[in-house]
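Please find the structures below.
In the two complexes that follow, chain A is the common piece, with chain B as its partner first and chain C second.
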Partner chain A sequence: MTDFSTNQTTRKQGRAGQIALRWGLYLILCLFALYYLMPLFVMLTTSLKSLEEIRTGSLLSLPRNITFDAWSTAWSKACTGIQCEGLRPYFWNSLLLSVPAVMISTLLGALNGYVIAQWKFKGSNLIFSLMLFGCFIPFQVVLLPMARVLGILNMAGTIPGLIFVHVVYGIGFTTLFFRNYYVTIPQELVKAAKVDGAGFVRIFWSIFLPLSLPIIVVTVIWQFTQIWNDFLFGVSFSQAGTQPVTVALNNIVNSTTGVKEYNVDMAAAIIAAMPTLLVYVVAGKYFIRGLTAGSVKG
Partner chain B sequence: MLKWFEKQVPKIVLAPSFIAILLFVYGFIVWTGWVSLTRSRLLPKYDIVGFIQYERLFDSPRWDTAMSNLFIFGVLFIVISMFLGLLIAILLDQKIRVEGVLRTIYLYPMALSLIVTGTAWKWILNPGLGIESVVQGWGFENFKFDWLINPDYAIYTVVIAGVWQASGFVMALFLAGLRSVDDEVIKAARVDGIPTTRIYSAIILPSMAPIFLSAFIVLAHLAIKSFDLVIALTGGGPGYATDLPATYMYALAFSRGDIGQAASSAMVMMMVVFAIVVPYLYSELRAKND
Partner chain C sequence: MSVMLEVKNLFKNYGSVEILKDINVAIEKGDFLVLVGPSGCGKSTLLNCIAGLEEITAGDVMIGGQNMTDVSPKDRDIAMVFQSYALYPTMTVAKNITFGMKVRGVDAQTQQSKLAEVAKQLQMEPLLNRKPGQLSGGQRQRVAMGRALVRDPKLFLFDEPLSNLDAKLRVEMRTEIKRLHLDLGATMVYVTHDQIEAMTLATKIVVLKDGIIQQIGTPAEIYNNPKNLFVADFMGSPAMNLMPATTSSAKSGTQIQIERENDEPLILNDKAGLNLPKDVIVGLRPEDIVEAGFRAGTGVQTATCMVDIVEPAGADTYVMTKLGGTEVTTRLHAETQATPGKPLEFAFDLGKVSYFDPDTGSRLN
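After this line comes the complex of A and B, so read on.
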């Protein structure tokens, strides 16, 4: 009997401890959430304050008078050097270069992955390994020769030139994504289709493509995020009129002329981040899948 | 004839990409390697003279700073991101009700451009108007936090921003790893009365060794390629206190017009990456072929 009762009290204590532990757990997780959200909060509130309020108020306080002036300045008036047209033209540059670059590199990746996974030939595995290694190189090692080649091709400082660069260095990733997806489709399917007289193109078009929607979404999101957020290629291979939005943002923030307008900087940063953030919020599941798939190789 | 053509179609489809990779990756590496052995300055020269560019590189105090910064940044960035990522993953793995929401919050920085991250943290760490004044406002009037403009500490601000960006991603990797551990084994251990901490340290974590390795590879790779973050956060300054090899290479190539130095620094970067990645890829590919 006594045994039983002590047992019960310890169990009760145990349960109280469990609940406390649970609350502690949620508290810690929420603190982490605050840590990750803090910069976004600061960016948003700062962008809605006037410069006067920024100078006198606190970094973490909410804006007393909400004003969208900084946003309109960032979008159409802020100076990125000698020009003062805001982010708008560069935002369009980024769109203009990422859409074709994503489409071309995804298409090539699908075709390459299809060949490497289902139409193996002597050397196809070697080609795949070479492409895989290509994903890992630090791009610094290709910057100088690429600058020269773009010059020779008359594409230096142009948007088609940037599209070309992003396609070339995106193929490795897109091929990897599609190859890993197509390799799970049984080879018997292809064999049976061949017996029925279907060829390379027919099989791709009517069997593989209809199955590919998930991997297309993953690849498109991955490529779009990479290309939209790229800075190294953008800053190396563009000139005054053709810079992508990341380069323009950096120029706005680090321009040394005039008064430092922190609210404009923050509004510009949010504008530049908007498209990829939107993609993440809408299709986070696919974003994470691409991230983890991409990480298997780096 | 048509039959023969039919058989060649896969090769023809693969050919353009293969040629592009061969030329623009491997050909370019050879070009950069070649130029790194010449006296090239503003324009490339092609007469090989040996390792003088590498000697100049290793004699340069700026390169020295860049390499030791890479070491400091790399070690701290990798260790802290892994620790934080693992910690959050374990905490999140306790059947948390709002897991989806929290995961979304932890991971969103990964969708941002490093330029955006750098811009945000540059403002938060602003001496005078940022965190410093917030803490001073709480009553700690002597609190000083000027790492951003302090040459001895500026590199740690890059770590702060880098960890913020990447740790959520490491969390996602580890969480996926935790979920893939065999449930039966854990249940059996619970039945045997083994405490939870022991279950983690003796059963779950050891079985996740491959995930530790790939997280390490990804983070190391990110660290070596770090360029955008430094440019946006500190611009490599004060002076060149936060230079990394990537920013050194860029400065020498595009502002100083010293192609030979840029090429040799790029080659050193590539060798560092390959020293880490090649053994990993090799073991991965071999494991797959077995």
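After this line comes the complex of A and C, so read on.
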């Protein structure tokens, strides 16, 4: 009986300890979340305040009068250098450049990965290693040679030129993603399809692509984030009408005359970051799933 | 009968490694050829070479009288069932089965009627709209078979199709494959490492080891007259007893002397007038060593041996005894009175004996 009761007390103590641990864990997680959300909070609140309020109030206080003036200014009126059209035209530039670049690099990555994983040929591993090598070359290193190549191809300063740069730079990563995913697919599948009479393209289209949704999502998120957020290539290889939104944001923030319009800067920054946030929120759960899918699939 | 498959002087190398060496096999229409051997012997590679999924280094593959050596798999008129089944994961069972016809541009109506026919044959009509992921191992196996059957090819190829199934299902599917073979009269090539599958299914067996054919023959030939020690040991379960012995001529035939621990040597007299070297290896299957009085015939000789271990297996009792330095398995009737540590009189059926050269391993009689 005594044994039983002591057993009970220790068990109770153990449970209390566990609950305390859990709460402690949540507390720490909340603190971290707050820490990371703080900048976003400041950005959001500042963008909704008037300049007057920003000057007089505290950085962390909530806006007294919510106004969207800063947002509309940022979107269509803010000045980037001498032009005052806001972010809008550059936002379109970014879309026009990201969407095809993401699509082309993903498709090429899928094809490359398919060949390297399932249609091995002499030297295919070497080619894969070289592509991987491409992932580790810093952007800055290729700036000058790339500028030269774009000049030769007559694509300097154009959106297709930027698409080309991003596709070339993205293939390494997309190939890596798809190759690692396709390597887990048994070779017998290709053999069975070959015996069934299907060829290279048919097998890719009917068997591999339908299997690839998780890794396509991963690649699209990865590429879209990279390309949309890119500044260096954007600023180096574009000219007046073809600058992406990141470059325009920089210009808005850096080229104000007179009073610094913090609310407009903040609104512009949020607008510029919106698409990647949106993509991640919509497809995020596939992202985690896709990153781990390759490892568990047999 | 026409020759359906002929493999001539086939060699296969991976780099400098020789996987298959000078393979020559021919089978006729309606034959069931089983390629059997331990893992790594090249049997699956040979099947892939026949299918055209592996390029061959030298030699020819003829299917239906045509030289198919440089023809791609899809034009060889073959169907193949894989060990992992290799079902297309995103397609339903019906689509899996009709994929081959779709690729070849068979019209939809023919596809559907053939699908219905095969589904009925394999009793899988209720499964047609499911995805492979929703099927059990046995059902997947059936779908894989269906995918091959629907094609109605010249040659069926099976790459260890039963090895992923549990023991009971394996025996059921084995019978089913045998029935299909009888019903269709189709020509089949089947790879397995399981010698029982080989024995039960084959009309012709090829035993492979290290990429070299050890023996080709009917199951009975392979079982009763193994050409060398490897085949003798590999085919049959429990394996053939292989006992080192010395021979000398006697008045009536050959005297065979097998050493025993702590006992006088076992002496047997083979009356068949054979010309044997002094040192031989005597091969006797467990069922050819029985309790005295249970086997009659000209070749039967009796001798008393010490019982080592008794293993009742239901229908039979396996009794071990030590002969010639090896553990010898004998297959006795279920009600035997054999007791470990006690002597027992055994009957050795020398009418079934095999002699092997201890150095080369090849058969002597």
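We take it that the second predicted complex is superposed on the first by the 259 of 298 C-alpha atoms of A that agree within 3 Å, B and C clash if a C-alpha of one lies under 4 Å from a C-alpha of the other, contacts with A are read in each partner's own complex, and residues count from 1 in each chain.
Everything that follows uses one rule, which is that a contact is a pair of C-beta atoms (placed from the backbone, for glycine too) under 8 Å apart; a residue touches a chain by one contact, two chains touch by 3 or more.
For clarity, every value in this text was computed on a predicted model and none was experimentally measured.
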Of the two partners chain B and chain C, which one touches more residues belonging to chain A? B
Quick check for you: in the superposed arrangement, does A:95 touch first (chain B), second (chain C), both or neither? neither
For A:112, is the partner it touches chain B (first), chain C (second), both, or none of the two (neither)? first
Which of chain B and chain C A:66 touches, first, second, both or neither: neither
Now for A:139: first (chain B), second (chain C), both, or neither, which partner does it touch? first
Which partner does A:211 reach: the first (chain B), the second (chain C), both, or neither? second
Figure out whether A:153 sits in contact with chain B (first) or chain C (second), or with both, or with neither. neither
Touching A:282, do we find chain B (first), chain C (second), both, or neither? neither
Return first, second, both or neither, reflecting whether A:19 touches chain B, chain C, both chains, or no partner chain. neither
Common interface residues of chain A with chain B and chain C? 199
Which chain A residues qualify as touching chain B in the complex? 25-26, 28-29, 32-33, 35-40, 42-43, 46, 54-55, 58-60, 108, 111-112, 114-116, 119, 121, 124, 127, 129-134, 136-146, 148-149, 168-169, 171-172, 175, 199-201, 225, 228-232, 235-236, 246, 249-250, 253-254, 262, 265-266, 268-270, 272-273, 276-277, 279-281, 284, 287-288, 291-292, 295-298
Residue numbers on chain A that touch chain C, as the complex places them: 186, 188-189, 191-199, 202, 206-207, 210-211
So in the complex, the part of chain B that touches chain A is made up of which residues? 6, 9-11, 13-14, 16-18, 20-22, 24-29, 31-32, 35, 44, 88, 91-92, 94, 96, 102, 104-117, 119-124, 126, 129-131, 133-134, 137, 164, 168-169, 172-173, 176, 214-215, 217-218, 221, 224-225, 227-228, 231-232, 235, 245-246, 249-250, 253-254, 259, 262-263, 265-267, 269-270, 273-274, 277, 281, 284-285
The residues of chain C that touch chain A in their complex are 48, 51, 53, 72-74, 78-80, 82-84, 86-91, 99-100, 103-104, 147, 151
